[in-house]
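The following pair of complexes shares a single chain, subunit A, combined with subunit B in the former and subunit C in the latter.
This part shows the complex of A and B:
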């Protein structure tokens, strides 16, 4: 994010226009900017931001943020390196911006379920994460709601059942798939409207296992919430813990030692490598090419074993803490990691060669499941999925955290936006990450790995590039405990891309396209 | 009906039931090896069938008598079809047994009931599987007919037994065109037994299933019968290829010595062919559904070529 306040404020001023006095733009702890807006100026301001090609990367509600109003809606806009948060106060009813900024649709529905905020003029007013079995009027994120089991409705009136978009016409029929699937995967419902094998429309419904993570974090000491952040999504453990810790460290002014950041970066990149390898193996399994899949699955298993050796946990749990790391990694173990990286690179290249020289694989990968570039900003699609469609979005580059400003390679976007591009982008990212780990190991500084944090009240936003894309985390500490913990993983936005990627494709290609996007159910359903 | 023919009926049925699960396992084993895995034991398919036979059958509340008779019709049709293709011993043909056209339609009968059962339970995946299987069948049928017609042209007979006797007499392929024909037969085997690149027998992805989709609602001993019948179908198609292309060792007279030699030879040749199928499956991914006709076209091309060669030779 912008380092210098005055130049940052000028950048924000350029986006919001001269009508807003520069003195009203206040810098946050982590380089983001806050602007409190009145209801009359909000509409024109959002229109102007949309015209300036700002992406709405987050929208969430919080209670009691300002004394004048019960709820505040925080609209997080991103334009290149600038992050601007519009704070809009509301009593419970607000106008929708979803027609202007489509990524707002799911955000607004999320606010509606969590806080009971009604959005006027929204094109989609269905429930999102609270399904119809939750009682009407139940809004768990309100401070007045105690965190305890709720009485679910045992029977739901058919009139209240979730209305899927109806596609009608000659020869069109609906194929409902899920939420229970044949494999060991998480629950999600897919409603296909097909003509023969051709997909006319796909509608997804997620949120079958809501865990109440945001509510759970409230009232806890900042240190305790690290473990909650780790549990958001298993294979984004380090990314989400880092995002949370970054936010708290910036709030409290805790300086993280260099060695801790070097090690954190290694763990973040190992996590990315593991995730990408899993995707690549999965994509090949889905087209029935297990010979190629196993090349990657074996290396992935070795990455997990390496994780366990370095941290004591295959998913690297319990490592990242506020102020640094919970423990140091010994020199011999780092040397072993260096050897592993060199071998893994060689083996990975062999596997890649086998796969990319098999014509039947290429025939299935290209040009399947195309995501058009024009969808990226409106839906805030990020990560490898965006980089395969020509998007130059990578939090490590645009908003570097920790030591990423020193070590990250420039994104190498591809432009076809199909499964093959996503496969290739992931391949080049794996190789980049391996190189990066090697460089970090070579220049690893000595020193402590943790600074004891001093808990201080405050709030800030942190962005982290997980394997799936941009993860956003907003933390507000009040009276020494977490007052609001908001996390939005990349999957939350990227899920909506699949509805577009599937149009005109055939049903048997769905698993492949789904796997190529590698979306997390748990990361979406908090 | 002679004694040797009755003996044939018994020995062929026993042999095909005994060895079919083994060939299934060998294919799996070879595939596992290519992936660098150890793979399940070669007896795993027997264990699976034994386990399934002990399990209870559960019917969907939407299903009708189709679901109940299909496993029986299926195994019956396939076992009768297996009688048309001698594995180790070829007697003098009796009646219509061995007629290649009848063989084709016995296989079609089994497939027809399987597709009906796929629709019967009312699940969307069963219907999808049936619809795909029927589309593929409709496209592959002309190809199969042409391949079998080429066989008939080469051997100048409609009877599989007589074809086998002719080829067993020479011990090597009766005419060079048979080697070309083997390619077509191999493609038909891949399609008919739902293997990669047409279908993936090991998938858990309902949306991509063809054969597996149709048997998704089968359970317990019914599922065992369905799996056994696909194993037998694989074995009889393999036997057709083996005994036409590499017939040496095939017994045409009834003595203990020749039968034992023939059985051992068949098991060996079958193991090698199963290995080839496993390697073939490992070498490529599944094809895009609508590209499948190009695979069938290859079989069609070779068999048409054979007919032209045979006519003008």
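This part shows the complex of A and C:
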């Protein structure tokens, strides 16, 4: 995010127009900007931001943020390196912006379930994370609601069941799949409307795994929330812990030692390598090519074992803390990592060659499950999925955190947007991450790995590039405890791309396309 | 024409794994023996995620990678609860999954066993007594064995399955 306040404010003013006085734009603790807007100026301002090609990357509600109003809606816009948060106050009813900015639709439904905010003019007013067994009028994120067991409705009238979009016509039939799937995979429901073999429409329904992560964090001391952030999504443990810690460090002014950031970056890249390898193996399993899949599965298991050697946990849990790391990594272990990286690169190249020179693989991968570039900004699709469709988006480049300004990755976007592009983008990212780890190991500074965190109230936004894309985290600390922890993982937005990627494809390609997008159910359902 | 004898004499084309874990091999052999004795040579497992953070699924999936390759011990993961002897449950049971979880259990033929894998499935973990979850797996069906961990390693899970086989042998 822009670091220099005056140039940053000028960039923001370029977006909002000269009618808004520069003095009203206030810098946040982590390079983001806040602008409190009145109801009359909100509509024209949002229209202007949309015309300026700003992406709505987050929208969430918080209670008691300003004294004048019960609720505040925070609209997070991104334009290149600028992040602008519009603060819009409301008593409980607000106009919807989903027709203008489609990514707002799920965000607004989320605010409605959590806080009971009604959005006028919304094209989709169905519940999102509270399924129909939750009682009417129950909004868990309200401060007046205590986090304790609730009496659920024992029976749901069929008329109140979730209304899927009805697709009718000659020869159209429905294929309902899930929430329990055939493989070892997380739960979600997919409703296919099919003509013959071709998918005419796919509607997804998620949030079967809603565990109340955000509410759970409230009222806890900041350091107690790190392991909650780790539980958002298992294979994004380091990314989400880093996003949370980064936010807390920025708003409390806690300086993180260099060595801690070098080690954190190694862990973040190891997590990316492990995740991408898992996707690639999974994609090959889904087209019945175990020879290729096992090349990657073996290296992935080695990554897990390396994680365990370095941190004591195969998922690198308990490592990232506010102010740095819970423990240092010894020199010999880092040397072992260096050896592993060199071997892994060689073995990975062998596997890649086997896969990409097999015609039956290419036949299934291209041109399957295309995501058009025009969808990226409206739906805020990020990560490898976006980079395979021509998007130049990578938080490590646009909003560098930690030491990423010193070891900038070079995203090499592809343009076809199909399964093959996503496979290839991930392949080049694995090799990039291996290179990056080697460079970091070569320039590893000595010194402490943790500073004692400063205790201070405040709020800020942090963005982190997880293996799946842009993870957004907003933390507000009040009276020494977490007042609001908002996390929006890349999957939350990227899931909506799958409905588009499947149109015109055949049902048997669904697992492959799904795997190529590697979406986290846990990270979406929270 | 292919000569059957020449196929037998040919060198095998598969590679040997780089690493052999002696512990895993030993647990695997023990499991194999128990499965042969108790389940008549094969054990079918259905995995059910009722609200995990996906780390446990990943470790269960890893049991199929070439390092563990547990199918050689007689364990298969099946696509339907109707084909399963054992239900392996991960994650605290969320309200949104409770209905589907019950249906999955009811769809299994008897005798059936349930294993809770991971801290959240064992007792609800950090989500216990919150608005969104019922608690551990035993809140919706009887649980025969708990394998704690955040998440448990593939070796922990295998050790747990061996304990289940021994338990199942006693209930015959």
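Annotations
In this text, the second predicted complex is superposed on the first by the 526 of 526 C-alpha atoms of A that agree within 3 Å, B and C clash if a C-alpha of one lies under 4 Å from a C-alpha of the other, contacts with A are read in each partner's own complex, and residues count from 1 in each chain.
Basically, a contact is a pair of C-beta atoms (placed from the backbone, for glycine too) under 8 Å apart; a residue touches a chain by one contact, two chains touch by 3 or more.
Remember, predicted model here, so these are calculated numbers, not experimental data.
Of the two partner chains placed by the overlay, only subunit B lies in contact with A:197; subunit C stays clear of it. Once chain A of one complex is fitted onto chain A of the other, the partner contacts of A:510 are limited to subunit B, with no touch recorded for subunit C. After overlaying the two complexes on the shared chain, residue contacts for A:298 are found with subunit B and with subunit C alike.
Looking at the shared chain after the overlay, A:288 reaches subunit B, while subunit C stays out of its contact range. In the superposition on chain A, A:176 makes contact with subunit B only, not with subunit C. Applying the stated contact rule after C-alpha superposition, one finds that A:358 touches subunit B and leaves subunit C untouched. After overlaying the two complexes on the shared chain, residue contacts for A:522 are found with subunit C alone; subunit B is out of touch. Contacts of A:215 after superposition: subunit C is touched, whereas subunit B is not reached. In the superposed model, more residues of subunit A are touched by C than by the other of subunit B and subunit C. Looking at the shared chain after the overlay, A:137 reaches neither subunit B nor subunit C. Taken together, the two complexes place residues 182-183, 294, 298 of subunit A in contact with subunit B and also with subunit C.
Within the complex, the subunit A residues that touch subunit C are 129, 131, 133-134, 140, 145, 147-150, 152, 179-180, 182-187, 207-212, 215-216, 227-228, 230-235, 237, 278, 281, 294, 297-298, 300-301, 304, 308, 314-315, 317, 520-523, 525.
Looking at the complex, you find that subunit C touches subunit A at residues 17-18, 47-62, 65-67, 77, 79-81, 91-92, 94-100, 103-104, 126-127, 129-134, 150-151, 153. Looking at the complex, you find that subunit B touches subunit A at residues 31, 34-37, 124, 128, 132, 196-197, 200, 202-208, 282-291. Those residues of subunit A lying in contact with subunit B across their complex are 175-177, 181-183, 197, 284, 286-294, 298, 358, 360-361, 363-364, 506-511.
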